[in-house]
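Chain naming follows the written order as A, B, C and D, and within any one chain the residues start at number 1.
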């Protein structure tokens, strides 16, 4: 992980999901955004960034690029990410939603072989308030502090940051791994990073229905995480999805649980792991304070 | 998107998976021009595993019987669906029946091969003991299919014949961007020949746009089958249909669900809940945030059971500056509609009351102007639109309004 | 295997590479039923880059001119070939013409993308300065095609339109197991639209067996075009045709070539040289070593210019024990043929002399029995077959025999 | 490289190119041949070897397998080799000729990523006389000694071993990298191995027309090989192949040489690198003796 303000950052593609405002915010938050890549537009400027046709041109000009923020059309995400990997970029944050899952399978096979971190797709990225912003998280809801936020939502993540900030609890880092069914980095990886991060004193984990990522996280918290964790799961009142075909996980076929993928199941897992769970976003600050014994 | 059996079998035949000679029947009289030999089986083309149990599958030996059976199947609704097409297929004698499938496992982020030496009457409860699987860790190669065959306990020539079918299923899975391809049952004859007797295919909705022929199929199917079920079942929660009076619009699936929870926990009843952050997976033409908001407001306004629209936007939205404009236009068009109605019906209060009340929660500096503009809008009921920054407040206000308008509604 | 232009363009159209409206012309009168608009270009369908220079390509504006031009092209041999088909194609106005290709580079063991902003009249001598390339190191992804476009110096929208064509060429290359796919020229119109005006496709011979449709095409083409040129050009040396009297059979391409060198260096003249170690790449049905040896001996015996067959086998051969049997049967059938001929022509010595002399070099314990058996065979000329273990000795003997039989031959 | 007699060896497929005799020879030469894999024939015996349906079954039973000898139908070579790689086999010798080149491209990409040695296709493999035989080289022509043989031919390799043995020059190792246009291991890799091999005192390099492997080897010998090398190139009198499309190498397009791929070109390269070249196989022993100053 290289999340220092010196690390060089690239944007690939300028779609609906990245606006002039996002670019300006990244710059304002200390991100060393060096260029954009948009084939056919090389030599132009976009949101005050120099634009190139190829990633390799950017590397030729600026040297090693640490992170790329991929905002191309969902059908071009695989190609853009493979281009980044071929140019030795080791951190890839995919903002675009709607990437076909089999493209993600192909990308993850390659990323694993090349030890490349993939965050997303359908992720607003990572923010370390006051230090770096990699993605589209709105920094205005954040303030420097000690709480790490880990989620797979977009706006719900900001909602929680806003509640914490309003309650006087700043954040050390906030990451959304992305809300698609198949995403790169896992809750487990980030729990470990937050557990090791000196600035982080407590972790808020934000879940939603689908898959079994929250359940895996709950088990991991019970086993390996020393810092206090508070959980919140949205969608506990939402009607459940139908059966394993739709939830699409092996766990649902082999040794399946009728509640697989539901918020109910996730809440039970947190409860079993003795992780305090907030009823609503506005209750989170209170539980965090209690957990941190502030 | 789920294909019908006859569509699945066309795909199977094209990729070389053995299927029986069959013929599509659009009308009972098509059976007079049958090109396959009796005895045949007639199958209702609906997506329901219960089809055989409720009489949607019939064996017939003569044209007369076939036409009679076809007439009755065409008129037999299964799970509320009437078939538009039947499939007439040669009968096949099997010695054994297997279940095989390729499915995308979102937990391990890989396709998995599934197999079982019993055909499954969807007795999924006991499936975990009998079902075998192989995770396709790296790029597929036929040895993964042989690993499945071995795990299923197959021996000798059956290893190759079954794994060849699995191999072709995998190629279909990748070529067409599927979530699932399933053969159930795969018939095995006394001589060891294998045959796909029935099959299911589920296409991933997000990838339809890059397959022209599938997009064409989808267009036809959406016309018949626009249920929100289909959408919810695709595994994302961008549309949740409930039956209360408070519609929820948000920019983010998690946020919409959190709002839904808050409404229910505070004693309210949500109606349709929509995430407008990105285009629906079934949307074929490009959309903008503005166009999605316009469309959502219009659709909700036409649903007379909705009395309050709770809008919850937070953070940055491309075209966010246009939110107040879209809401303004929506309110204005509702007003002119109401006036038109009043003019026509010589002034009535009934219609005015049907204009849903709006609670708008906007958080973030992007909406500083929008908040003021929306608060200043004139509404048909002359009440101002509630604009808040705090979510709990917005929820409370929506519930209060839903309760207060409830009495006036009918 | 090289496709003809009209076949190439069918493949291009199927995979979405832009081609002009065109029509296949099997006979000049087909032009009366032309579905495309004049002016058109008529092109002789032969595999020769010189085609345009020698009059195999003609522009015509009317049906009368077209029929006359077609008649003359059908009767114009190019490099010894008469076309069986012409291609009639719409005329296209180009602003620029590019060269692009995908080719398998055996040195780097990867496909490479080639591009040049001049169409190449196969002026390959200056190609190295103008030609740009990209090695497709890992699995292909469109960015490799964009890299080529950039190297070619393209800008703006042309980057995408050219790289999209390259991307489709690459997919064709992999799907059909090609050695080469080339567009020359790729026309670029004033509005930036690209068009594949001419193209070449070379299918890898080894992979033909796994593509039923290509195997079918190959069958038709082999009938017309059985030249050893085609085989030699495929880059392996399993068949080398020279014009001397000593045929060489060996089990290994390197060994056959070493034998060929030895014969020439010792003053002999090799004729056809065949490697029997494995099946020819153009062979569609499975073969055995035994069947290959039988066929080779039979073919050589029918070539009257061959006076000595030098067989050089070493090491292990599947069915090696049958070598003496096959040679025995060959000698025997030659004898009975000779006797038959003698009987018919009332005894003549002429025919006997045409039986090629055999020099058999067998090294390795596998041939211990074979050596004895072959040495004991009775031949039509009553001379025994020379059997040796040492290669130089075998070569010397073959040359000696070729010289001694030479005087008797004509 | 693991070429010790203890290393465990597997055969995948039993085609025309592997006979009972080859299997017996391998065993007689000390090769620890543990099993064969032939799907659908699991549980049977072939040439006194236990046969399994899957490679992973062999690994389960015998532990790590060092080398596999692939003799399946050419269209199944890619699958067999990928199956071996998935079972962590790191040395793959492909005997089968006629593998479609694009299958080899795919296999080589994978093998490079997994650091797997591929020898062949269309190779008779490796022999260390008296120690191990991996492939179909006929051991009867070999005898223990000090000369390493490196070629891309099959029978021509044995011809040369036979000449050396007859002249009293034993061999330390003999490898054929395979005569196909696209093969795994290169002359360069093996020159380096033979240069480092203590038993080897001189190297015989056997070439034939096509490609530019001999030229690359000649350059490498001049630069990096200390041991004496003698070359022989077959086919100097064979008619040349036509043009770059058929020889199919980039070198032939970019900065191309009209003699590319010809024996003539290869002979010139050896001469330039001051590598003595034999006129005929029977001349090799004499040149080797001279080079070794025996």
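We adopt the following convention: a contact is a pair of C-beta atoms (placed from the backbone, for glycine too) under 8 Å apart; a residue touches a chain by one contact, two chains touch by 3 or more.
Just so you know, these numbers come straight off a predicted model, no measurement behind them.
Peer 1: Starting from the defined contact criterion, work out which chains touch chain B and chain D both, please.
Peer 2: none
Peer 1: Of all chains present, which has the mean Cα position farthest from that of chain A?
Peer 2: Comparing chain centres, C lies farthest from chain A.
Peer 1: Comparing A-C against A-B, which pair counts more contacting C-beta pairs?
Peer 2: If we tally the C-beta pairs in contact for A-B and A-C, the bigger total goes to A-B.
Peer 1: I'd like the Å distance between the centres of chain A and chain D, where a centre is the mean of that chain's Cα atoms.
Peer 2: The answer is 49 Å.
Peer 1: Which whole number of Å gives the spacing of the CA centres of chain A and chain B?
Peer 2: From the centre of chain A to the centre of chain B is 27 Å.
Peer 1: Just curious, how far off is chain C from chain A if you go by their C-alpha centres, in Å?
Peer 2: Roughly 56 Å separates the two chain centres.
Peer 1: Report the inter-centroid distance (CA atoms only) between chain B and chain C in whole Å.
Peer 2: So the centre of chain B lies 54 Å away from the centre of chain C.
Peer 1: Residues of chain C that touch two or more other chains: which are they?
Peer 2: Within chain C, the residues that touch at least two other chains are 137-139.
Peer 1: Line, ring, star, complete or other: which one describes how these chains touch?
Peer 2: ring
Peer 1: Run through the chains and report each pair that touches.
Peer 2: The list of touching pairs comes to A-B, A-C, B-D, C-D.
Peer 1: Going by the contact rule at the top, pick out the chain C residues touching chain D in the complex.
Peer 2: 103-112, 114, 124, 127-128, 131, 133, 135, 137-139, 173-174, 177, 179-180, 202, 204, 206-207, 209-210, 229, 232-237, 240, 242, 250-255, 257-258, 260-262, 264-265, 277-279, 281, 288-289, 313-316, 318, 363-366, 391-392
Peer 1: Over in the complex, which chain A residues touch chain C? Could you list them?
Peer 2: 39-43, 53-57, 76, 78-80, 82-83, 86, 110
Peer 1: Considering the complex alone, what residue numbers of chain A touch chain B?
Peer 2: Residue list for chain A touching chain B: 16-17, 19, 21-22, 74-75, 97-102, 104-105, 108-109, 122, 136-138, 140-141, 151-159, 162, 179, 181-182, 206, 208-212, 234-239, 241-251, 253-256, 279-282.
Peer 1: Which part of chain C faces chain A closely enough to touch in the complex?
Peer 2: For chain C paired with chain A, touching residues are 137-139, 141-143, 146-147, 150, 155-157, 159-160, 163.
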